[in-house]
Each structure stands twice: as C-alpha cells, then as structure tokens.
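Dropping the structure in here first, questions after.
All chains are identified by letter, namely A, B, C and D, in their written order; residue positions are counted from 1 within each chain.
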Amino acid sequence: MEQKKKQVAIVRSQEKIAEGIFDMWIQTDLAKTAHAGQFIGVYPKDKSTLLPRPISICQVDEEGLRIVYRIAGKGTAEFSTYQKGDTITILGVLGNGFPVEQGTGKKAVLLGGGIGIPPMLQLAKALGGQATVVAGYRNQDLFLEKDLKENSTLVIATEDGSVGTKGNVLTAMKEQNIDADVIFACGPMPMLKAIKTYAEEKNIPAYVSLEERMACGVGACLGCVCKTKEVDHHSHVNNARICTDGPVFLASDLDL
Amino acid sequence: MEQKKKQVAIVRSQEKIAEGIFDMWIQTDLAKTAHAGQFIGVYPKDKSTLLPRPISICQVDEEGLRIVYRIAGKGTAEFSTYQKGDTITILGVLGNGFPVEQGTGKKAVLLGGGIGIPPMLQLAKALGGQATVVAGYRNQDLFLEKDLKENSTLVIATEDGSVGTKGNVLTAMKEQNIDADVIFACGPMPMLKAIKTYAEEKNIPAYVSLEERMACGVGACLGCVCKTKEVDHHSHVNNARICTDGPVFLASDLDL
Amino acid sequence: MNTSVTIAGVNLKNPVMTGSGTFGSGMEYSDFVDLNRLGAVVTKGVANVPWPGNPTPRVVEVYGGMLNAIGLQNPGIDVFMERDLAFLKQFDTKVIVNVCGKTVEQYVEVVEKLADSDVAMLEINVSCPNVKEGAIAFGQDAKCLFDVTKEIKAKAKQPIIMKLSPNVTNIAEMAKAAEAGGADAISLINTLTGMKIDIYRRKFALANKTGGMSGPAIKPVAVRMVYQASHAVQIPVIGMGGIQNAEDAIEFMMAGATAISVGAANFINPYATVEIVEGIEQFMKEQNIADIRDIIGCIE
Amino acid sequence: MNTSVTIAGVNLKNPVMTGSGTFGSGMEYSDFVDLNRLGAVVTKGVANVPWPGNPTPRVVEVYGGMLNAIGLQNPGIDVFMERDLAFLKQFDTKVIVNVCGKTVEQYVEVVEKLADSDVAMLEINVSCPNVKEGAIAFGQDAKCLFDVTKEIKAKAKQPIIMKLSPNVTNIAEMAKAAEAGGADAISLINTLTGMKIDIYRRKFALANKTGGMSGPAIKPVAVRMVYQASHAVQIPVIGMGGIQNAEDAIEFMMAGATAISVGAANFINPYATVEIVEGIEQFMKEQNIADIRDIIGCIE
C-alpha cells in the first residue's frame, strides 16, 4: 500500500447533481493508488471546524478522484462552494476498499442507498460492467444514474415509488428476483443490517461499507470502531477500526 | 449622531502602498456620517478569530471609506487579501473623532507616527488644507505622502534619516521651528506621551488619538479604557472608554 | 406558541437574557437591538462604591473566544440606580441586576439599596475570576457559597440568582450548596480562567496575567455543567457560555436551562440577542413546538 | 543550538512529545512523520487486560476542537509489550508508556510488567474523564492523588509522570499532591469534560453523554494551569492542551513547561509533531535563543 498523505489539491470541476448532492473532481496524484470503496478525508478551511470529513471515492481516473457527497453540515456546505481551480485539502487514500476480486466472474450485486450509491460506481467499473447495481433513492431526484447505467445493469428503487421499484434496495432485489453470488453494499445502517440478515439467509457473502464519526482517519484515535463477532487482530477486543480495518467488512464478521 | 450598525460592505479597491501597509476603499453608506479620527471595526472571516479589529478612517468620500492599515496579526493579514468586489464586514462608525472646529482658523499641527499617519489625511482635508502635517516614518518606505502633500503643508521625519528630518515628529517640529496653536496627534504611546509633555510646556492644547485592545467597540465591555485625571462622567472612576469617549482625548485630561 | 418562561415567579417573555458585563446596562446596544424584545437585561456587575477595575490590557482574543480581566469596573450602586436603572425603566423587559462585592457586607449593602427599586431579580456574582479579594473564593468552596447565599438571601427583597464559577471540581455540589443556602435560581457558567502569553514580547497578554475565557470555545464545558447542575437541583438554571445563535440557546435549554444568556456573542454580532429570540421562534415553528418549556431538560 | 531537555534524568532530544491516545503507538503516524525526530512518543493508555472502551459515537467535533469518549480501549499490556513496544524499539526516540487502571492494583500490575522493558518513563493516567470506575476520582481529589502516586511510585522502576485532570478547583494543590506522593514529573492538562447535544435528534452527540474536550479551544485554560502548576512544584511539568504549532509549544514552555505534547493537532495535521520540532528550531534561530531551556518558565 502506498503511503498516506495530506496534501493541497485542486478542484477540477464541481456541479450540483441533485438536491443537496454535489459532484466534484479533484486533481491529485492520490488517484494512482485509489480504488473502489476507499475514501479520503477533506479538511474544511473554516477554522471553527477542524477535523477531516470522510468522503467516499466515487470514481478514479489517471489524474484525479471524483467524490459525490451530500451536504450534511458546515464542512460539506463549505466544500460545495468550491469551484474549478480552488484548492482543497485532503488526506488519503484511506481505508481498505472493496475486495474486487471477490466479485470477479460471479453474479455480483452492488447495493447503494442514498449517499451510499457513489462508491458503487468505481466498483461497477472495476467489475468490468458485469455487475448489477441496485440504487435506492428517496424520490425521482436521481443522481449518477447515467454513469451507473454505462457501467452496470442498473436497477432503481425509490422510497416514494416515483421511479423504479417502490421501496428500498432489498425490495427491488426481491421483487425483481435478482440473484446474487456476492453482495457489496453501502448505505444507512438499517439498510446494512437488513442486507446482513438477507445474506445470511441466502448464505452468500455480503461486503458492507460502514460509516461512523471519525477523528484521525488513520487508525490512531480509535474513534470510529464497529463491533466485531470475533476478537479483532489489532484491538484484541471486539472492535475493529472503520477507518483502517474497514470501511468495508464482511457482514458476517460484524455484530451490527 | 447616527445610529451605529454592523453591515456587509464591498471592497472598492485595495493596494499595498508600503511594506506591510495596505490601502483599501470600502463602499459603504457609513461614509455619510464618518469624520476624521473616527474608526470602524472590521470582522475577520476566519472563525478562529472573532472580534472586530479597530481601524482608523483615513479618508471619506460620498460613498465610501478609505482605511490604511498595517498587517499586525491574523485579522489584518486576512483583510489584506481582499480584492475589489469582495465583501467586508464592518461595524461603524465608532468613536468621537477629532474636534475639527478646534483647529479651524488656527495654526494647527497634525502629528502622525507610523500607522498613526492615516487619520491625519481626513483631518487635513477637513481643515481645508491649511494645517501642517508632520509625518513620522521608519525609513524611506513612505506612504500617503502624496495625498498629505495635496492637503497640507507636509513635513517628513524618518527614524533613519533617509527622508526629511532624522528622528521623530517632535524632533522635526523643533528642528524646523514649527509653531502650533493646537496639536492633533496619532501614533505610538511613547510619541503621544512626549507630545503631551511638549504641549503642556508650550501651554497649547493637544488632541491625541489612543489605541488599546478592544472587544465590543461600542462602550459596553469596558475593555479599552485609559486613565483620566478627573473622574470620568460615565465610569465615575478615573477611566474613560477609548472606543466611545475617545479615541481622541485632550492630552491634558489624560494620565498617560 | 408560548416562548415565555418563569424563574422564581418572574415571568420572562422569552428565555433570552444578556450576559452580565457584556451588555453594559443596555444603553450601548440599544443602537442595535430593541431591548423590548429581550426576556431580561442582566446588567454589568455593580458594587456598593465605584470600582476602578484592572489595568489594561484587559482583553485579548483567543482561538474561538476571548479572555477578559476587566476587574468589575463599575460606577457604584448610587450612580447605577440614578442613571442605569432609570434608563432601563423605559423598556418592557425584566431587569436583573448583577451584584458584586469583596465581602458579604458589600453584597448586602447593594442588595438592600435595591430593595425598593423596580428590579425583577438579583444575580449575585460570586465567581468573577478577575478580582483578587473574596469574590471567586465564595464561588469555589461549597461551604462558603452556602454561607454567602444564606446571608444575602436573608436581606434580599427580590429573588436571588447565584452565578456559579466553572472553575470547580464538582459543579453539582456547588449548585446544591447554592440551593441549600436559599438561592431562587442559579446561573452558569461564568468564565473559565485562562491565560495567554505573547511569546515575542515575553509578556502576559493581559495586565492581570489571567483572564476569564468566553466565546464559542467554552460552550461544551458550559453545556455539560448546565446539564449536571440542573440535574442536581430543583431550582431553575440559567445557562450561558459561548451561545452564539438560536441552536446554541436551544442546546442549553435541552440540557436543562430554563433561560439563557448571550454574552461575548454581542461583541461578535451586536444583533445577536434579538436574532436568537427570532431563531428560537423559528425553530419552534419548524419543529412544531408549541411551548418552549417543553424542551427544558428534555435530554435525559 | 541546544533543543534537548531533561525530565527526571531522561534526556529528550527535543521537548516535543505526542499526547497519549492521539498517536496510537506511533505506527499509524509513521506514514507521515519520522518518529526519530520526536523527543518522545507517549503511547495510548494501556491497562493490565484488554479494555473494550465505550460504545460509539465516541467522537464529535465542537467549535475549535473535539470531544472524545473512547473509554481507553486498549489491547492490554501483554499484547502491547509484544507488538507496540517492539515496534517503537526501532526508533531513536524515548518511549513513555501511558498506564491506565480502575484500581491501584491494576496500575501496579502494568507498572511491574514494564519494569524490565526498554521504556524511559511511565505516564500514569489518573484523569481520564471517560471511564466510570475510579480513574478520574484519583485525579480530582488531592488526598487520593497523593495516595495513588505513592503506591505506584513504590513499585515503578522507571520515573513516573502523573497526568493531571483540569476539571478541578485548584490545579496547584493537585500538582503539589502528586509531587508529595513522589511523582518525578507531572503532565497537564488532560481533557476538559464537555457535552454536545444534537438538538434535532434530541440526543447526546456521544454515546457516553460527556466527553473530553481537546483542540485549540482549550489552550488558554491549559496554559493557565501549566503556569500555576509549574509555579507550585519543583518537579518538571509537561504541558499540553490545544498545541497546534511551534508558537503554541513555546507559549507552554514560557509558562513553565519543560516539554510539551501534541495531541488532537495530529488529527488536524498528521505532520504536526515534526513541524513543531522544526518550528521551535526556527523560532530559536530568529530569536537568538541558544538553549531551549532558557525559555522554560521565563514569564513571571
């Protein structure tokens, strides 16, 4: 693994792609080692708010990273004002990422809920367009659907039924009889819990990407842990560090 | 007196006019009531540093205020980066200002030392170009000398003797036999103390503008007081508020 | 929608008060805000005689706040009653006089002079960190606090609010001592004692060496102490410490405060008090809160 | 130019240490900084057995800082010695092990296991605000602090540093108690206890309700306490609390600290420690300071 670093990078482009959702490309050499399911920390310039915000990587090209994020507070509100050419201070590349090799040559189903959808794009690309992506939105205010369609078999679910299946990603999987050898998922905790149960019933592996409030982002502070079934190799208790041992875990290893 | 207000104004122009000295015009309706010797509070955008910076008014026109200030810390360093069209948050107009009427029709001598020079420009204009300004600089890195020359009889002193009289403003007054009926002064405390002594010896009034660290800027917090000879009418102790009762005081009223 | 709250039988039209020492007697800020909009104006501390306060520099900025060591400069109770109380009488807001002293007798002298005045409550400042003699000691020892509260309460005609210092090991114990002494309410936090050094001039930034820290930087400590104090006593708690906006005010109320004070925020935004009054109303509307009293201490 | 300082006979190449709990055992930050450049690495607290710590959320941001309630999660002394100490042995820096416990016996067990290890000093954490049992009580009562210091000192082979809580009325008294109990040095401040409430979800932001506040917001309180403590005792003081850059580090040293620790700043800037080492050298050059020891406590 490449050494992590903090750097001042340049915004290549930014646009609003849905209500409260922004799509930014960052010019950075961190792209060289980044892969699906990893994340970066983004530091606000506002000095009242000092910690880096973990934001998942949506797409990687030769010279940059794409992040698609929701405005959730002061930090992300600030990032959303950045324009082409502005500086952006980032820490990366962080986290383990999705085990792409576990999806290759199999019926891989990628489940993204809300702001958990973006990391599925790079994963779909890494899987050579062979995967099925089920994306769950609140309503018809979709985002990334064009990119996902180009890189996967895309199925859409909306909470209000305005597009695709009415319900969540699991409703869509069941209704449309989507069969999976392996699941990769990112989204809110209730969704991940349901996926864990579903995967255990079907006896298939599910790799889920977790979120938690973080401080250091590099595994030192032990702020962002999740409960594990077995004693973790690093902590020697039933806690794994989401920022470093994760954010992607095999659901069956977790006590969600 | 007009009501004070806090407002978001617009930078009309800004340029660096000497090492560490910046010259900014601000578009603001506060100009309508501002006069020589008053000041404004300028709020940094950097949220680690919250209090307004008191900056004296250098010049007033129909639609704006000119401030000439030295970079002294984080706040002023931030202000120096503002460009034409940027917003600037200000509080004003603050302080009593110079009693111009005390200089009209008399031999008025205006003494400005270092960053105490700028307020002398508006005062010189208010006195109709009839006053003598003695401006004390560190060295040949002068500023505002052209403006001052157009609006007064200008005498220059420099600490290193590179321009004009070698020494401070009082050295220049004495060497050049500048006679005064009344003195108006702004500058560092040792200079003001010397002027107070000089004026008492000559038995002439000297109006001095004081500086002190401020919090509220409007007379509420009692942070920025100076010692007065008599019990002050507001405080009922020997303290006057520089931000509100001043910044301009008759030197003989003070216990410097 | 009800925004009014009651403290010791005194009804405030809303829970927003001013922090003692940050708002003078309201005169200076009446250029910016309509004092009629405020729940109460808490005045700058006043003693039995004029106090000159500390030498300058008295204030210095720190990260996310400031330190002050004004030293309770005040014109004395006689001038205060003639001038400041007369000014405040014009407005439809409650007046709370902050009382300071170096001995119990001095507090009592002020309290007795105010007995027949048009003042709603008295806030007893036993926690100023910037006055050498007495004051802070009363506020840092539970037994002393109990005694001073009892003695002042016996002489006070108006309800008394004991203002507590945060520079203590156990704020719950202090709150209980004030309650046991007969306090009608407590207010907290006063400032945290801090220090700043100018490393280039090798000097203390304040003439007094230490100063009281205020501003948003101290808010988490203040919220914690308001929570602990309000869960330790039955009397109402007035919360303060770094409140900058309506969200902060609501945070203190949810922690257990019946009312809140806006202090150093006035220096940062002279419109802060009224903006907070309006922001609280806005929040209540958005969150469908019919009565502000429903959120007091709603977090357990 | 001399940048080295000595604490209890242990020579540090420079006064820059890491704050316990913010730097793991150095492994994670060795991606960013050369550990050989540091005066000392102070490890995350370690107990006699593995501790699971608190539920999440464990961290939350506040104005100019953060709150944490990790709850001293640690893998226990055995794993720590095998893995973490072995890792740290590779570097030319002093290792200071932070020791935590819920009873005196637990502290002693850890201290005794470390007796023959290659550890320069022990920092005894009697001031963690996030662990219910014991720990903080030791650090908030002078008599308890004296007793626990004395018992640990009697068993420790390495010099012991008592880490003090700032959540006390009188820090000088606590410093004296540690000194009287035999401490070789004291370090302060640990975090200030704070709280944050999510007003929209009506929940505590931390699962533990309260958390320890760190970051630049707490610096003025820390500088004040380092000044007061260092003027109350003869033993060296290690200063910390909100140090972000070399200027902050120098401020603590001028206030009386012999060495300083960089804590939450690592989260904000993973290069902070080494940048501070370099910044101190730069300051010494610019200010013509030949020996860093000349500025220790230079402000009276």
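Worth a mention:
Here is the rule we go by: contacts are C-beta pairs under 8 Å (C-beta built on N, C-alpha and C of every residue); 3 or more make two chains touch, one makes a residue touch a chain.
Small disclaimer: the values here were computed from a predicted structure and weren't measured.
The minimum number of touch steps separating chain A from chain B is 1.
For the pair chain B and chain D, chains touching both partners: A, C. For chain D, the chain with the farthest CA centroid is B. Remark: chain A and chain C have CA centroids separated by 47 Å (rounded to whole angstrom). Between the CA-based centres of chain C and chain D the separation comes to 34 Å, rounded to the whole angstrom.
Rounded to whole angstrom, the centroid-to-centroid distance between chain B and chain C, based on C-alpha atoms, equals 35 Å. Looking at chain A, one finds that residues 47-48 touch two or more other chains. Within chain D, the positions touching two or more other chains are listed as 63-65, 216.
Residues 46-48 of chain A are the ones that touch chain B when the two sit in their complex. Every residue of chain D that touches chain C in the complex is listed here, in rising order: 62-65, 67, 140-141, 167-170, 192-197, 199-200, 202-204, 209-210, 213, 216-221, 223-224, 227, 242, 247, 250-251, 254-255, 283, 287, 298-299. On the chain D side of its complex with chain A, the touching residues are 21-24, 28-29, 31-32, 44, 50-53, 56-61, 63-66, 68, 70, 73, 75-76, 79, 215-216, 264, 266-271. On chain B, the positions that touch chain C within their shared complex are 3-6, 43, 47-52, 91, 212-226, 234-239, 244.
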